Amino acid sequence: MGGTQMAIGITSYGAYLPWHRLGPGTNGWTARTERAVASFDEDSITMAVAAAVNCLDGFHRQDIQALYFASTTPPYKEKSNATTVSVAADLPFETLSMDFSDSLRAGTAALQAAIDAVKGGSAKQVLLVAADMRVPQPRSEFEPVFGDGAAALLIGNSKVAVQLEDSYAVSHEMLDVWRADGDAFVRTWEDRFVIEEGYLKILPQVISKLLDRNKLSSKDITKAVLYAPDSRRHREMVRKLGFDLETQVQEPLFSTVGNTGAAFAPMMLAAALEKAKAGDRILLANYGNGADAFLFRVTEEIEAIRNSRGVGSYVESKRILPDYETYAVWRGLIDKAPPTRRPPIRTPSPSAMHREESKNLRFHGIKCKRCGYPQYPPQRVCTRCHAKDEFEDYRFSDKKAKVFTYALDRLGPTLDPPLVVSVIDFDGGGRMFSIMTDRDVDKVEIGMPLEMTFRKFHSSEGIHNYYWKCMPVRA
Amino acid sequence: MAKGIKDKAAVIGMGCVKFGENWEQSAADMIIDAVYEAYEDAGIEPKEIQAAWVGTVQAGVRGTQLAVPLKLEYIPISRLENACATGTDAFRNACYAVAAGICDTALAVGVEKTKDTGYSGLETTYSRHISQGTWLDPEVFVGMPAQFALAATRYFYRYKLSYEEGKRTLAKISVKSHHNGTMSPKAHLRREITLEQVINAPIIAWPLGLFDCCGVSDGAAAAIVTRPDLAKKFRDDYVLVKGLGITCGASQAELQDDYDFTHFEESVTAGKLAYQEAGIKEPRKELDLASVHDCFSITELLNYEDLGFSPRGKAKEDIDAGAFTLEGELPVNTDGGLKCFGHPVGASGIRMLYEIYKQLQGKADARQVKNAKIGLTHNLGGLPGRFTCAVTILGR
Amino acid sequence: MAESIKDKVAIIGMGCTKFGELWDKSPEDLIIEAYKETMEDAGIEKKDIQAAWLGSHLDDISIGRGVIIFSMALKLPFIPVTRTENFCATGTEALRGACYAVASGAYDIALALGVEKLKDVGYAGLPESGNLNMEGTLGRFTTPARTAPGAYAMMATGYFAKYGLSPEDGKRTLAKISSKSHHNGTLNPKAHLRREVSVEDVMKAPIIAWPLGLYDCCGVSDGAAAAIVTRADMAKNFRPDPVYVKALQIAASSGEELLYTDYDYAHVETTYRAGIAAYREAGIKNPREELSMMETHDCFSINELTQYEDLGISPRGRAKEDVDAGFFNIDGKIPNEVDGGLKCFGHPIGASGLRMVYEIYKQLQGKAGPRQLKDPKIGLTHNMGGTPPSCVVAVGIVGL
């Protein structure tokens, strides 16, 4: 822990919350909490991409050597999800992507691995992204508590804003809350067993050990970021550890966001960092078949990476779903007849998808070198000056756009009618047809400012078809 | 009275991509490569094209699939489809347009991205159209190899060829074509194979084995045509269209019990139409080379007889004598044929024209047939009794 | 003529584990712990035990069927071991087996042990074992999925209606009973729950099965308790202060409660009958005057209320007056649930009966610590298993 060691830690942070909420005001929602719910066109991969891009704002994507993706709800079981995230975030081909899964501790396990990778020298910058979209059984004890979201942390050894001082972890074999392959919903054992023998026993042990061996006590911690299954247990844990709930603890956002699974701990850390000051000592502790704890010290670099579009602003940017049925249809809990009868959608050819990865996932178009006109999709012959094969790659995913014209299609297939189809003009040039998502239909208008978002168009034949849609700029 | 197409259209430029498993190329990519080669060959600018035809079975619909990649702005473009005759049919339409004086310069493109279907043989489902109702079309269920194997079995039987003799005869055809392919830079497969390899290869649809069948590949080819009186402006060695015949079967094979399954009537009739237009009476003597549809070795064998190269039932003798090899009397599939190029359905017809065109201009390198003055292409698509056959004859 | 058990058998040693959510203790651990304390208390060695009775209720988990796990855990040397089961009366049943064997002269010294690992079931309340024990489809269709709180709540509603108690008054009466027991639990290191619970806490608690709320119901827990018995004439060889068995009675429902319309759902007939038989056996004529203390089956507060009347302590319909007067509090005339009762111990089914005897035993020997009553002479235990109209009740009376 000496000053002679190279500082390693967090060099940037980001998060993403879906726009939609179940909450009081949703017809058929009986809980008092609000929770973030992913749209029908989102999943752990798309949310991870959003968090990654949020985290990398201002950073050169070519300088990332590895991407770790953590989730207990990866869309693919035997195909890397991390590679999809990496490509959609437009990271270089050499980026080593790795998938972490199977436990709510996946996000912090990946954090430790990222730190070790930088420390060991195999990477200078590792982007870690955690996302989850767990579906609670309807009307279960988990339904008011689970939330969807993603968070990202950039780990490096240069301009470190949040330096790691120490970390400690234990693994613990236990069936407390779990899902087997093929299970739609989490299973759990008796609540008392789950909490007394699991959460309330293991997490404090790990935190105590970490604090003790650094000769610290709870009063030395500026901010404790603690995993908890719900708000009541969070308060119990805070009490048990001797932290002051009002001043020393990161608010876990159970009443506005919910427990976002593997993303929870990194996201709460990101939220804490939005307000952290140089010199703060932060304790991060996560739980899931064991526990891990991290001791961080915030440096002056924190100011340079203050995230104006962080957890806080995503919490505020929301729309309460009008009814529970919409959510249930989105999650496949109800097999509702579609509004119009359409032929089944087929998946495009994987060899074609492979070939067009740059266009579809990286969202690259071209810019003609002769006349400078940006075009999407990429054209070998320029649409303006007809120059052939004289172009350079041009990333559209991070460009802003405006609505040029639009239509509200009541015939088109969608789980969220009407299908808003728009022609959008990009800042800096270029135009495309784009489906609009996360929109308030009443507010769509010509000239409306838009940003691009990575979404899932549909799934069929075991293939998730990802692409970019436009959406009104989130606050 | 109609006078035919002879000498009413001239080919002034052609292009052809390397055929193969072109994973990295989309249909649009291949269209651009083939067409720009043709522009260069013709020495014209893209904006000189006044009309275009694109032939493809699966790569796309509408004429815009040609307009968008090439940026052909607001000119008439038609998409057409006629099974394996698609490419030739695109060419045919371009020729008729310039011959009719509708436009001066027309473009014909054939393209296919067969590898994107993800299957190792031709997908048969493209023939299942809504208008066919619920008729359980055998074309839907039975693969292509099996359909042609029916003819092989019958041919062996009729002409009393033992299984070994028949297989050996067929094998010689494939060996010959593969040899030609080694000299053909744009072919997909460019290896020699031996008779033993062909005979012992795994059976796909008895009696046809692996090397009796052409492969699945991607490809594109293009041709630019104009009227002969304008052709001189572009080049001296333009190639004239001498004959164009297309015929379609009417399911006679399935409905009539006197169809013998040892010839394809559509080839015979299309050939006759083309020969008539071109004024050819003895094809075996008058043709210098031919590119015929060798989707399967048995098809090429039957083509020899149907197109009048060999007397009925006597193709074996000509094959054994090496009549159709590169050094033979009438070299067939000098570029390796479908056997070495594979069969991107929409592109094959124009690829064949490309070979004849280059041969007639003396630009066929190691494959060059001496003194090539007149050549034939032949495409055949569908199944026995329901073929579309197209035959063209080009000459200097 | 059949005689009674009175003064034929003495208890010379007892043990009891701490009851609670003992996640890290197996049934074997609980058995060994209760056994060790019992043996130390009795001052005997294993080889002195000539026969043993094991009481455990659940078949599929906990200790399972048969006695092998028990005899192997204790390494009993090939002696006769019997497993008995009688719903919640199991613990008393095990004691009864050991006592009769010793009284018959078949053995000099016998062990009775009750144990249950209820928490392994994994549910917050008792699993519905009722319907599984009935023949054919009766359990599945006629009385399906009826939970214990639900069954006893019916008696609460019946009692309130019969004796004209408003729901508020009724609940308040029940609340006083629970609150009283919780207070006693704070004085008992072996209890599971050891917090004071006020009457208001009980009134406001979430409803489990109306009118019973969370604090009207005992919890689910693990535990074990054991006793060593010998013939009364041998008892003083072991200790100067043995406790004598005065009565051991069991009554099982005939079924008339559910078949006749006479049953009022405001009392438990089996408790009444077993009580009468036990008093006769022990020679008690006026229980209200003669009993020093009781440990009755307070699985639900309403059950305890009706026990006051069924055991002949309070007049019919007037138990409320005694409750309001604090008659059954630890400083009352006949303290009930002095150790905290099922309310604070929870109900590891096989163990409860023996746990009740343990408290009275310690009280009679003056070893009850902060809970010690002044000069207790004779105490009553009451176990009940089933539902108010169809159950089995065991009543035991032990004294000096």
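Just so it is clear, A, B and C label the chains in written order, and each chain counts residues from 1 on its own.
By definition in this document, contacts are C-beta pairs under 8 Å (C-beta built on N, C-alpha and C of every residue); 3 or more make two chains touch, one makes a residue touch a chain.
This is a predicted model, so every value here is computed, not measured.
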item	value
Graph distance between chain B and chain C, where chains that touch are linked	2
Most central chain, Cα average position	A
Pair sharing more residue contacts (C-beta pairs) when A-B is set against A-C	A-B
Centroid distance [mean C-alpha coordinates] between chain C and chain B, Å	96
Whole-Å gap between the CA centroids of chain A and chain B	54
Euclidean distance of C-alpha centroids - chain A vs chain C, Å	56
In the complex, chain A residues that touch chain C	189-193, 196-197
Residue ranges of chain C in contact with chain A within the complex	21, 23, 119, 122-124
Residues of chain B defined as touching chain A within the complex	23-26, 28-29, 32, 36, 46, 69-71, 113, 115-118
Residues of chain A defined as touching chain B within the complex	349-352, 354-356, 379-383, 386, 388
